[in-house]
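Look at the two complexes coming up: chain A is in both, with chain B in one and chain C in the other.
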Partner chain A sequence: MRAGRRRLSRDERLAYLILLPALGAVFVIVTIPFVLVVIQSISADDGTLVGLRNYSRALSNPLLYDALRATATYSLIVLPIEILFGLGFALLVHRTVRRPGLRAAIYVLAILPLVVPPVAIGVVARLVYAPSYGVLNVILERFGAIHQEINWLGDPNLAMLAVASVDIWQWTPFVYLVLFSGLQTVPRESVEAAQLDGADWWAQFRYIDLAYLRPLFLLIIFFRLADVLRVFDHVFILTGGGPGTTTQLLSLYMYRVEFKYFDSGQAAALAVLVLVSFSILYRLISRALPLERT
Partner chain B sequence: MTRPPIDRAAFLRSGLAAAGLGIAGILYGFPLYWLFVTSLKSKAELFSSTVHLLPHNPTFAAYSSVLIDRGFWVLLKNSVIVCFSTVVVTLVLGLIITYPITRLPVPPRLRVNILIWALSLRFLPPIAVVIPYFAIVRTLQLYDQPIALIGIYSLFNLPFAIWMLKGFLEEIPLELEDAALVDGASRWIAFWRVLLPLAAPGVMAAGIIVFTFAWSEFLFALILTATPNSQTFPVGVQGLVTQFEIIWNDMAASGVIAMALPLALMVIGRRYIVAGLTFGVIREK
Partner chain C sequence: MERISRREFVKRTAFAGALLTPLPAILEACSSGTSSSNKTTKLTIAAVQGAEDGPLKKVAPMYQSQTGITMEVVEFPYDQLFEKLVTTFQANGSSYDLCMMDDPWMPKFGTMGALQPLDSNFGFTRDSDIPAIVYDVGTWPPPHGPVPPSEQNKSQHLYGITIVGNVEMFMYRKDLATTAPSSWDDVLANAQKYNKSNFYGYVIRGKATNPASSDSLPILWSFGGDIFDSSWKVMLDSTASIDAITFLTQSLKKYAEPGAENTDAGDRDRLIAIGQAFQSTTWPAEVTGVVEAQGVSQVIGKMAYIPIPKGPGGKGLGMMGNWLLGIPKGSQNGSAAADFIKWLIKTDNMKTYVQNGGIPTRTSLLNDPTLGQANPYFPALAQSLAANPNWRPRTDQWNAVETIYGTAVNQAVAGLKSPKDALTAAAAQIRTTMKQAGYPS
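Take a look at the complex of A and B:
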């Protein structure tokens, strides 16, 4: 009994001995930039303190609101389409594809887009949408659908759609994979019972499948939102934020303020504002997540 | 046993499935096909006025142009070094943090707080971090050094590593280590000889996923590097895209090269990628 207790406390001490230095180091490394960025946000370029002037400049810049509007538009296009297509495809495969070999093949094909560098997908999108060489125009012309080149990346509305289509292309398979694995947890008995009761496929989806998928939708929204709000790579490659500022999402805007306008005070203020609003958003969303917490 | 008659619903269903899979196949296959075909074109063919959908006289000239004439093999080498170092640092740190919270008696609150904190890093937008990090890197004279990238990549991949390794370590019964401890082995020996070999497949999977994430990273690489001394391959690809006159076949070849390694690695890590992307919520079948 005594020996057992002593061993336990020795293990506990060992746990803290390992954890404290590691977590302490990571904590310091993560925290220093936050402290620095707050200092930078209340200083002028020469280091004198200017109070909240950088914040008021950041918030009164109309380009910030263009960026927020672009980010919102992008999210509102991308998230519903990805979820809808992902869900539709998951239901389709779940209900109609029975052969395990084919299911496994679809699984492998669906994970491939997830690991391809967004920069490389930006290259692919360039080859599809670009003027003169873009294959989309070439095909549309061959089929006689258009007689004049469409300037996919030069027209404000089309450029946003082109940029969004890349996101949809890359991440719909993720939604599919998550929802498909969710559908597989639906017990066969309840499906069969429902079918005996004469439930059509819609009732089966509405009353059985959806119950198992609901927590997964939250999960998808969490991870997709985290990614959509940080999108940079493929937009930078495909349009660079243009034409004008129509596809200048928040990340691209902040990049431009810091590294093109060299306005580090305003960039730091933006960074602080983003960090604060994101941690609030994180708190709101993460509470609802179905993660195991033990 | 007689075969059930083919009913119309089943026929309709398989038609629907074929249509769905076919459309998806074209939407995903054709752009990639176009990338590959373009990378096989010669410079002369790019200047012809009609665009050919099928390859004429395929050549690997664009690949040698990108890797050798433009010297991108150096960027490829940088990418491999940076990604490999990131994997090692991330896994070591990940194991240091997950070992105590899965194998040793720590208060559940501490454990949960560590996990939630790690998850919050996943939500952090890199652009907000890169601005202060850029200043630090400049102050420490690490600008344009691979080590600056290794540091930040390890930090940003740590949450994935913690959640994945936690899942794998939890699955290994505590009794196996306890048996070794009772036999007189030290904690370290029990970890090194008993736990790690059992966890090896999971650790490998986490390593592969961290490698592919680091391989794809672009924003930090764009900002923290300036020359082939530390530039990674995606930065080189970007250079080919944003120049004034795009050389299509070179650009396409660089895209193919950038994709090749992660796709190859996924052959090994395919069972774990969804678990990794969802922090272990969705487990492999």
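Take a look at the complex of A and C:
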């Protein structure tokens, strides 16, 4: 008999059997499509294998780098702002709001932006930022803050800020909810002990709260990065990727390669490249922000 | 009762599941087999949501009451309709018996061999009351202009019949200017003359990709520019093309609305309808849907509609945007679908269709004074169709080309690049795209 191998017990076999449908579903829904995408990425339209030609075409297209630049800019605007605002709001509510009813009301208000369809948000945002009839310009003019209307969606820098602001409005509440739930897990005794030792609010935050929030930051960054890769609706409605390609994020670019250019090979190559590079990025982030509390 | 073990229970459940899983598919297969052997009872139309399919939805029940065939109109927004049709055709799906198609989609569907020929299969012939160009646009490979290399040996067939006779036209405020602009120089002069605070001399539909492309192509052509020459050589970076886009994005832009780089058809119509702009290009659906719509527009009766003004060479070229009805190859009800198209384009039925907001292709209806009273753009549309408007290049790569070209025009409108730089870069990208697709670029 070979060492290290033993027969599975009856319960273990039953456990695997019960897991089988779930694993089968994952195999059908995730693994098979992924394998098909990889095959498509090395095939021509007629199915013949073309090696890495699609990857080469994808990487040599200057529009890819425009899209990457736009996505990086978008991420660098939305992620820090959402985390800072979400954290600030979570700390504010955690430390100042004691009435359960008010906390529940804030909780419900925070949920609302998350459940509104992105398309609806895009349409409303267009009414806010549009030239000549946009609400924002009208308000700014009424208060005398501007004398000439601002071209929010036509200026490349402002257009990026406009689309980012929609993301910030929708997703800051998510960061707040996650961090607020994390703050609820901080033991009351630790806080009281720190207060007895004369710790001010910053020291309490830095040495107690932050230790409990660190794994949640990782969770937030994971989720938000994944979301940023999927951002589509409100950008499509607000700017259509313009002016030029300044707000053409990676998702919009990949959509156009697949559904406008109908270049399935290049689109599949892009999908694989994005998946691999972001898996590496996630790995680096998880190393930098260990899940264990220190 | 026999007690069974946990293991036995799981085994039996898995076995029963395996037996039952294909049951719905088997039942579906049985039912579809039955219906295909019977007379057609239902026709499903994939249609574009909006002004283009509204009249179709109104007249379809008439056909239903006359024939007993249930008409189901499944609507999709513009972009999704194209994607849905392509994926359905790729799978040779039988979900739709008829499909509405924008005319630039014909090359893609023709190249894919996705449609049933209407002439050889169902006996469609040309009607002298309908302009030849309307049949030409539904014919594949194209009867004139460059033919894609992969299609040159295919025989020509009619695959689509126009049911929305869209041609891009020009509109201006006739209550302010007494004479119509005959050239783009006149357009510029009027833009300068009537431009004032909060009233724009010209409206540019400059949003990236399709809007900027549609808005600028008539100007590009009227100036003698083009995207391709007759042998698919890219000429977007030619002097004539650059002059045309410079005219639009610099000369006319001086008098255009703020945020032109983000303006789409809805924004343009709003500016015209609230009396804040003098002139622009337009499509028939914009006229009926907004500019001349009761309760919506403040300029009803104040607008004039004319064919696209002439460029420096003395030619003004409108752009076709016909919507056609075709029969997918996968449809099991081809004959019934063809009967419906024949019914729809009969003069009397088309008249009812027009009375319900439809845009006709029959010259007799376009020149009908009674219909013209309710549709002031009909004479301009008749003239535009008679003048053989241009169609967008007949290549299955058009969507890619339009995206590149429309982005370049948008960059020029936004001032991100000079027209020359934007078009030169776009021309290089289009050459690469076309070369990869097997065109001699």
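Operating definition for what follows: the second predicted complex is superposed on the first by the 244 of 294 C-alpha atoms of A that agree within 3 Å, B and C clash if a C-alpha of one lies under 4 Å from a C-alpha of the other, contacts with A are read in each partner's own complex, and residues count from 1 in each chain.
Keep in mind that, in the parts below, contacts are C-beta pairs under 8 Å (C-beta built on N, C-alpha and C of every residue); 3 or more make two chains touch, one makes a residue touch a chain.
Given the structure is predicted, the values throughout are model-derived calculations rather than measurements.
Novice: Report for A:240: first if it touches chain B alone, second if chain C alone, otherwise both or neither.
Specialist: both
Novice: Which partner, once the models are overlaid, touches more of chain A's residues, chain C or chain B?
Specialist: B
Novice: I'd like to know which partner A:29 touches here: chain B for first, chain C for second, both or neither.
Specialist: First partner only, chain B.
Novice: Scan A:18 for contacts with chain B and chain C and give back first, second, both or neither.
Specialist: Both: A:18 reaches chain B and chain C.
Novice: Which partner does A:111 reach: the first (chain B), the second (chain C), both, or neither?
Specialist: first
Novice: Going by the contact rule set out at the top, does A:153 touch chain B (first), chain C (second), both, or neither?
Specialist: In the superposition, A:153 touches chain C alone.
Novice: In the superposed arrangement, does A:130 touch chain B (first), chain C (second), both or neither?
Specialist: Both: A:130 reaches chain B and chain C.
Novice: Based on the superposed arrangement, let me know which partner A:260 touches: chain B (first), chain C (second), both, or neither?
Specialist: second
Novice: For A:206, select first, second, both or neither according to whether it touches chain B, chain C, the two together, or no partner.
Specialist: After superposition on chain A, A:206 lies in contact with neither partner.
Novice: Please work out whether A:169 is in contact with chain B alone, chain C alone, both, or neither, and reply first, second, both or neither.
Specialist: After superposing on A, A:169 lies in contact with chain B but is clear of chain C.
Novice: Is there a shared patch on chain A that both chain B and chain C touch, and which residues make it up?
Specialist: In chain A, residues 14, 18, 130, 133, 240, 259 are touched by chain B and also by chain C.
Novice: Spell out the part of chain A that touches chain B in their complex, as residue ranges.
Specialist: On the chain A side, the touching residues are 8, 11-12, 14-16, 18-19, 22-23, 26, 29-30, 32-34, 36-37, 40, 89, 92-93, 95-97, 106-109, 111-120, 122-128, 130, 133, 135, 138-139, 169, 174, 177-178, 181-182, 184, 216, 219, 222-223, 226, 229-230, 232-233, 236-237, 240, 250-251, 254-255, 258-259, 264, 267-268, 270-271, 274-275, 278-279, 281-282, 286, 290-294.
Novice: Okay, in this complex, where on chain B does chain A touch?
Specialist: Those in contact with chain A are residues 13-14, 16-17, 20-21, 24, 27-28, 30-32, 34-35, 38, 46, 51, 53, 93, 96-97, 99-101, 104-106, 108, 110-112, 114-116, 119-129, 131-136, 151, 155, 158, 187, 212, 215-216, 218-219, 222-223, 234, 237-238, 241-242, 246, 248, 251-252, 254-256, 258-259, 262-263, 265-266, 270, 273-274, 277-282, 285.
Novice: Under the touch definition given earlier, write down the residues of chain C that touch chain A in their complex.
Specialist: Touching chain A: residues 6-7, 10, 14, 79, 82-83, 86, 108, 207-209, 211, 257-263, 267, 270-271, 276, 396-397, 399-400, 402-403, 407, 410-411, 413-414, 416-417, 429, 433, 436 of chain C.
Novice: Spell out the part of chain A that touches chain C in their complex, as residue ranges.
Specialist: Its residues touching chain C are 10, 14, 17-18, 57, 62-63, 130-133, 149, 151, 153-154, 156, 159, 239-246, 256, 259-263.
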